[in-house]
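These are the structures in question, set out in turn.
What follows is a pair of complexes built around chain A, which joins chain B in one and chain C in the other.
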Partner chain A sequence: MTPPSQINTDAVNVILATDCGSTTTKAIMIEKVDGTYRQTHRGEAPTTVEEPFANVTVGVINALTEIQEVSGRRLIDDEGHIIRPATADAGCDIYISTSSAGGGLQMMVAGVVREMTAASAKRAALGAGAIVMDTIAANDRRRPHEQIQRIRELRPDMVLISGGTDGGDTKKVTEIAELIAPAKPRPRFGKSYELPIIFAGNTDTRPEIERVFGEGGFDLKITDNLRPSLERENLGPARDMIHDVFLEHVMAHAPGYDTLMSITDAAIMPTPGAVGDILQTIAKGRGINAVGVDIGGATTDVFSVFDGTFNRTVSANLGMSYSISNVCAEATMPKILRWVHLDMDERELRNRVKNKMIRPTTIPQSLEALIFEQAVAREALRLAYQQHKEFATTLKGVQQQRTVGDTFSQEAGGETLVDNMKLDLLVASGGVLSHAPRMHQTAMLLIDAFEPEGITELAKDSIFMMPHLGVLSSVHPQAAMEVFEKDCLVYLGTCVAAKGLGKPGKTCFSWSLDSGAKGSGSMAFGELQLIELGVDETAELEVKPARGFDLGAGPGKALTQKIRGGTVGVILDARGRSLSLPEERSACRAAVSNAIEAVDLYGDQPAKVDGRAV
Partner chain B sequence: MLQMKKRNTLPALACATFAVLVSLLAASVEAAPPEPPTNLAAIDKPWDGGGVVFVTWDASTTPIDQLQGYEILAKDLGQTPVELADQTAEQADLEAKDQTETILEGEGVAPQEARQRARIAEEADPAVPVVEPTTWQSLGIISATETSYEATGLEKDRQYIFTVRSIGSDKSLSMMTTPTEPVVPEAAWFNLSKLPLLIALCVISFAVLLFVVLARGGMPMNIRTIAGLKAVDEAVGRATEMGRSILYINGIQDMDDLQTVAGVTVLGHVSKTAAEYDAKIEVPTSRSLVMTAARETVQSSYFSAGRPDAYNPDLIYYVTDEQFGFVAYVSGMMTREKPAACFYMGSFFAESLILAETGNSVGAIQIAGTANPSQLPFFVAACDYTLIGEEFFAASAYLSGQPDQLGSLKGQDIGKMLAGLFIIVGVVLATIQAITGSSGLEDAVNYLKEVILGS
Partner chain C sequence: MAKAYTPGLKVAASTTHQAHRVLPIPGTVQVKQGDQVEADTIVAETFMDGDITPLNVANLLSAQPGDIPQLMLKGEGDRVEQGEPIARNKGVFGMFKSECTAPASGTLEAISKATGQIMIRGKSIPVQVKAYLPGTVIEVLPEEGVVIENQVTLIQGIFGVGGETSGPITMACPAHDQRLEAGMINEAMRGMIVVGGARVTAEAIGRAREVGAAAVVSGGIDDADLKEILGYDLGVAITGTERIGLTVIITEGFGDIAMARRTYELLKERSGDSASVNGATQIRAGVMRPEILIPVAGSQVSAPETSTESGVLELGTPIRVIRDPYFGLIGTVASLPEAPQVLGSGSKSRVLEVSLESGEVVTVPRANVELIET
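Our next item is the complex of A and B:
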């Protein structure tokens, strides 16, 4: 492996990247075309972590071979090795990889207070790309024997312990360590594997922690405190340590990963960690606030960068196949049904959910099934985003500075960082979003679930390339940025949504594009309108909200901003925020039908679907 | 020519003589004082709160154009023998309290301290005994067209006699009428002017009962988030993470003060959270009774949190009744032990800023709650969160979430809304009245101000 600092980025012409997922290994090739980096070819092959191959590199070579066949460029030599460095028609300069095979990185975290050091530990683990199996805290309302039982049930790849500020509490941190050590949680891989314990808590507690875990069976790593004071969070060292331990222990014990690690030019990253990295790079590079979502079959990941602060959440029970029944239970059937404009009752909806539970990996075969699936997706995304808002907060336990002017507006700590009005870019990925038959459907799924306010660009990850680019950004940021902008993201367009509520039919805002050259008009409350503005096109949007509505400049204040078109165009949304649909079923169906018609959601929609009136 | 002169002199002389006679007559009329009014009567005003007597009379026989008006006079005959006997030490206490309140207002000194100072001052400068008025006191002059007068501002349960005299247009005074029989301006069992208050009381009571019933029936009662109470977990968590104690000050008043009682309620919640987090909570008190109540409350919280073993009564202790002695102790302790969270819940005076500033300087999260308006700005500026007046009293319902308490809180809100409504109506009417000068509106404003809001 060539250290990233020793790579001459100017001399890089061909880059190969793979993402080893649980079922599929996806490979992409990036080439320098006319001075800019572009993603040119892609290939896929089944992941080969399990028997009979039990070697991840087999799947990697297979995926790269597919690219080789498609591109005509020789990438693999006769001995099955990647050819490096690149020549005119063979090999590559950089090879990088991410991995989520075998369930990715699974961690247990612990801290003293659930909302303080334990929350910081969870943020560090999630930010590093891990799935947090459980959080142990002194105030988690479980008795010690219940906590020990839970620790014994879990089989994490590693444990992160935090707690106490520097010079602060030592007693409870030691108590937590004394719960974990005798519980002896068993690792997932290898019987001889010593479970890594990362301690990132009060520096005064280190001798006690060393004593507790020094009896054997653990590989104790000590790093800087996550919360040296309650006013400051220091996640970097803990995240780096998680990454090192991931490579050193988890990957080294996974089949074939020792070989894979030796051939990559940058450290293998957990897939979600890489997605988070690219989102942070883009947000920092463009100076914007961004939200990314990846909805899968079992889980939904939400990433956000607001004012430079990165947060990631994994909603473990919100997904479109294995977790669909949980989505329905959490959201409730009436909430899902409200997005269905067809004449469908709750009983039928339940039958569809049960069918999906029996055959989770099926994809919709009819328009009716698609409408049902997208209704569930809206609720899954909405719930995942709600959980993300609750987790992505300012630090708790921080001393506030007040003036007499704060008498009636005393803001508490732990306020959410997520502000839809400040959101600039919303990126979608995951089957139901990426593979929607029409881009319009992806755009409306995002708008209905996330309820962006003001002016927000909508995009989707074309072929789930973000993990590859995330790890590439650590080696060659320029290439990562260029490919992200040109090939990774498919810009759907821009959503212009007014915040506020009013009476249906009353003016919400007036608008004009390029001083009326590309259209102008007025939106009544409750309306939705689609304006065409093609890919790579931009226009100057002038909007003037009515009194009580806000489009980003303040209530009733006009705003002028350059906006970007896309495959869908500009969606003007005057349905108000927070978005609510009529309670009464027929009125609700009419409202959804109007929205569908306004944005041409299903294209040439038949008058009847499966014999039902639309 | 002479004859002519003689002929002219006679009528001139007659005229002069007539003029002299007229002027003499006029002089004799001016000199006569006006006639006094007759049939004077005085009755105690019925259905009032006492202190008002109606005086009526028949107009003077002197022509009205020769009268400037009537002067009403009263003489205080002193207390009735029964009432004199009823004068109790309670009245003396009330007077003393008024005096101490005045001192309180000025210096932010606790009532006990203020009473002590007042006692010392009284001993040094004994008050001059009040001399009973034995002479007629003028209550006022009214127009000659009036034949009745409402004497207000009289002391309840004292005897008064009244008299009236006419005032001539030349300011001459008539004889005083025969004084009335002694009248005692007593308070009736029901004061009719307080009727709006009774109606408001009925409305609010009904609202409270209604909301209590609705809340028991399962109707959701939403209370807006109170940042100070929401932050209790945060403050206790901070103390836990930093390995430091929590300091709880329950005001400096005794258990007879409502704020102290409210403070003890909040203490129950804070100590339960502290028990759950296994954090140390320290409660120094300035009243022995408060210490006992606080111990009971904290012990009960530790029991309900399932940690009776962690309860330590030694951490809840009495310091001193002396206001500044107590403050000196607490400030010193804060500087030495640097608690991570400080709670100030109760009645505070001049010590509020001393405590809050000390807590701020040691880096503690501070949550205060008081209904003393004069101390609120200090707490707001120096603390992280402050429960303001009503929020502090609502804390109990907010924290417990019990239907009875929530319903009661909602019912009280109706009362506040009514008061707010009357204030808005009054402000609008007074503004219009000031612009238009309408006397009808002025009466309405006065009625609203003095009768409705005044009651």
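Our next item is the complex of A and C:
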């Protein structure tokens, strides 16, 4: 592996990147074209971590071979090695990879107070790209023997323990450690694997922690306290330590990863960690607030950067195939069916949902099936975003200075950082969003589930290359930024949505684009309208909300802002925030039908009720 | 000729099957290579560390954690019985002493001077692994378990609940497309694997449980009925640990759907023979489907080894459609167009044409079919 600092970024002309997922290894090629980095070719192959191959590099070479075939550029030599450095018609200069194969990185975290150090530990683990299996805290409402029982059941790859501010309490942290050590959590990788324990708590507790975990079966790593004081979180060292342990231990136990690690030019990152990195890079580079979502078959990841603070959540059982039944159970069928304008039999739908769960690879054939699946997706995304908002908060337990004026708006700390009015960019990825037959559907799924307020750009990750670009940003930020802007994101357009509620039919806001040259009008409360504004087009939007409505400048205040078009255009949304649909079924169906018509959601597809019509 | 790959479930009249029976932690293997074992033979055994009961003695005695070792009446490694005094404080001038008793029986494993917390380790928990599949031990995995092999009739279901069990097969439905109702289940089915036809009702499962049947196998089930049986709405398909009094295996899917004719005929042919069944299902990477294993040795079945596990779609291949609008319908591949086509949903996908049993020819995405037995 070439140390990133030794890579001469100016001399880089060809970059190869792979993402080894649970089922598919996706490879992309980036080339310098006329002085700009562009993603030029892609290839994919089944991931090969399981028998009969049991070697991840086989899938990597297969995916790269596909690129070799479509690009005509020789990338793999006769011995099956990646050719480096690049020449005019062969090889590459940089090769990097991410991985979520084998179920990704699975962690257990512990802290003293659930809302404080344990929450910080969870943030550190999620930010590093882990799946958090459970959070143990002194006040998690479980009795000690129940906590021990839970620890015994879990099979984590590593455990992160935090607790106590520096110089603060040592006893409670030690108590938590004393519960974990005798419970002897069994690692996934068998009996020869020493379970890594990362301690990132009160520095005064270190000798006790060393005593508790000193006796066999554990590999104790100590790093800086992730909550050195109540007012400050210091997640960086713990996240770095998680990455190191991930490479040293977890990856080293996955088949073929030792070889893969030796051929990459940057450390292999867990896939979601890399997605988080690129979103942070972009938000910082453009000075914006951004939210990204990746909805898969089993889980939904939500990433956000607000005012420079990054957060990630994984909703472990919200997904569109393996977990579809769980979405229906959590959201309830009436909530899902409110997005459907057709008559559907609930009993029949419940069976369909279960059939999708047991045969997860099937795809909707009829329009009716697609409408239902997208209704489920709206609820999965809504629930995942709700969980994200509850988790992405300011630090809890922080003393706040108050004035008399604050008496009526007392917030005990811990209010959400997510502010939809401040949100500038919403990025979608994952099957149901990326592969929707019309991009209008992707845009409306985002708007209905996330309810952006004010002016928000909507985009989708074209071929799910955010993970690749996340790692690339650590070795070649310029290339990562250029490809992200030009090839990764497909801009759908801009959503303009008024916050507030009113009476249907009453004016919500008036608008004009480029002083009326590209259209102008007035939106009544409850309406939705699509205005054409193409890809690479921009326009000056002037909006004037009615009293009680806000579009970003404050209630009733006018706003002028340059906005971007896209494959869908500009969606003017006067349905109000928070978005609610009529309770009464026929009124609800009418409202959804109007929305479908207003944004031309299904194009010319006939929305037939007859299930057998295709 | 056009071909495509598609997965299917394994249904075989006779196949060599190996069961890996291993302990979760190292232990002792109780059988030797070459031994003949029955379904309930214990093949490996071990003891897991007992449960831990923590107790903060310092808090209970209002003492400093550092003083706890002196206040303990028992030392590390000592045996303690539930209710037995294990620590006592010095009181005031020797008076008003308070005691702390053991909350559980076991061994005093640790006394912490830092926190005043003690740990009592309960009795070791025995863990036994049974053979499950009657047959021959072909390999001993030292300290771990064994591999058992036998020639079996193997039927994989699509979904199940409940764990391993065994018993003789009995047919409750006279046809593969008949619904399994409560009235078809009787007292004589106690301890048996009850085979239905199409959808099994919640009442029928309730009745089977009442008579003490070991398992119910049928073509389909209604989700609402599954919810009633489990008492909750199943979120993800990871099952096998439910305690509902019996094991349920569904061979085709949710809804009104008949058991595939050959699966039904195979089970009927083996009626009266003893079977090992497991409802455990895991639909994730490393998928696990429920199974019915019926040893062939000594039975009348002399079918050659057959299997339709996974394979190639060709013209004429029998398939089942596994997604609406044609869910559950059976037919044969009529053509395999190369170019992707636009579906009713608006998506573009590779498709195949299916000639249904009714004679109708329909177009279906390739992702929405699975192979069935010939």
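Here is the rule we use: the second predicted complex is superposed on the first by the 605 of 614 C-alpha atoms of A that agree within 3 Å, B and C clash if a C-alpha of one lies under 4 Å from a C-alpha of the other, contacts with A are read in each partner's own complex, and residues count from 1 in each chain.
We adopt the following convention: contacts are C-beta pairs under 8 Å (C-beta built on N, C-alpha and C of every residue); 3 or more make two chains touch, one makes a residue touch a chain.
Predicted model only: the values in this text are computed from it and were never measured.
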Report task. Could you tell me if A:Lys171 is touching chain B, chain C, both of them or neither one (first, second, both, neither)? Result -> both
Query - Partner chain(s) touched by A:Val112 [first = chain B, second = chain C, both, neither] - result: first
Report task. Quick one: classify A:Ala138 as touching chain B (first), chain C (second), both or neither. Result -> first
Requested in this report: State whether A:Arg227 touches chain B only (first), chain C only (second), both chains, or neither.
Outcome: first
Query raised in the report: Which partner does A:Thr36 contact after superposing on A: first (chain B), second (chain C), both, neither?
Result: neither
Report task. Spot which of chain B and chain C makes contact with more residues of chain A, would you? Result -> C
Query raised in the report: Which of the two partners, first being chain B and second being chain C, lies in contact with A:Ser515: first, second, both, or neither?
Result: neither
Query raised in the report: Where does A:Ile358 make contact in the superposed view: on chain B (first), on chain C (second), on both, or on neither?
Result: second
Requested in this report: Enumerate the residues of chain A that count as touching chain B in its complex and touching chain C in the other.
Outcome: 170-171
Report task. Quick one: which bits of chain C touch chain A in the complex? Just the residue numbers, please. Result -> 24-26, 49, 51-54, 56, 65, 109-110, 112, 114-115, 117, 119, 121, 158-159, 222-224, 226, 233-237, 253-255, 281, 283-286, 322-327, 343-349, 363-365, 367-368, 370
Query raised in the report: What does chain A use to touch chain B in their complex?
Result: 112-113, 115-117, 138-139, 141, 163-165, 168-172, 227, 230, 396-397, 399-400, 402-404, 406-407, 410-414
Query raised in the report: Contact residues on chain B for chain A in the complex?
Result: 227-228, 230-231, 233-235, 237-238, 240-244, 276-278, 363-365, 376-377, 380-386, 388
Query raised in the report: What part of chain A is in contact with chain C in the complex they form?
Result: 22-23, 50, 102-103, 144-145, 148-149, 170-171, 174-175, 178-179, 182-184, 186, 191, 208, 211, 298, 317, 322-323, 325-326, 328-330, 347-348, 350-370, 435, 437-438, 602-603, 605, 611-614
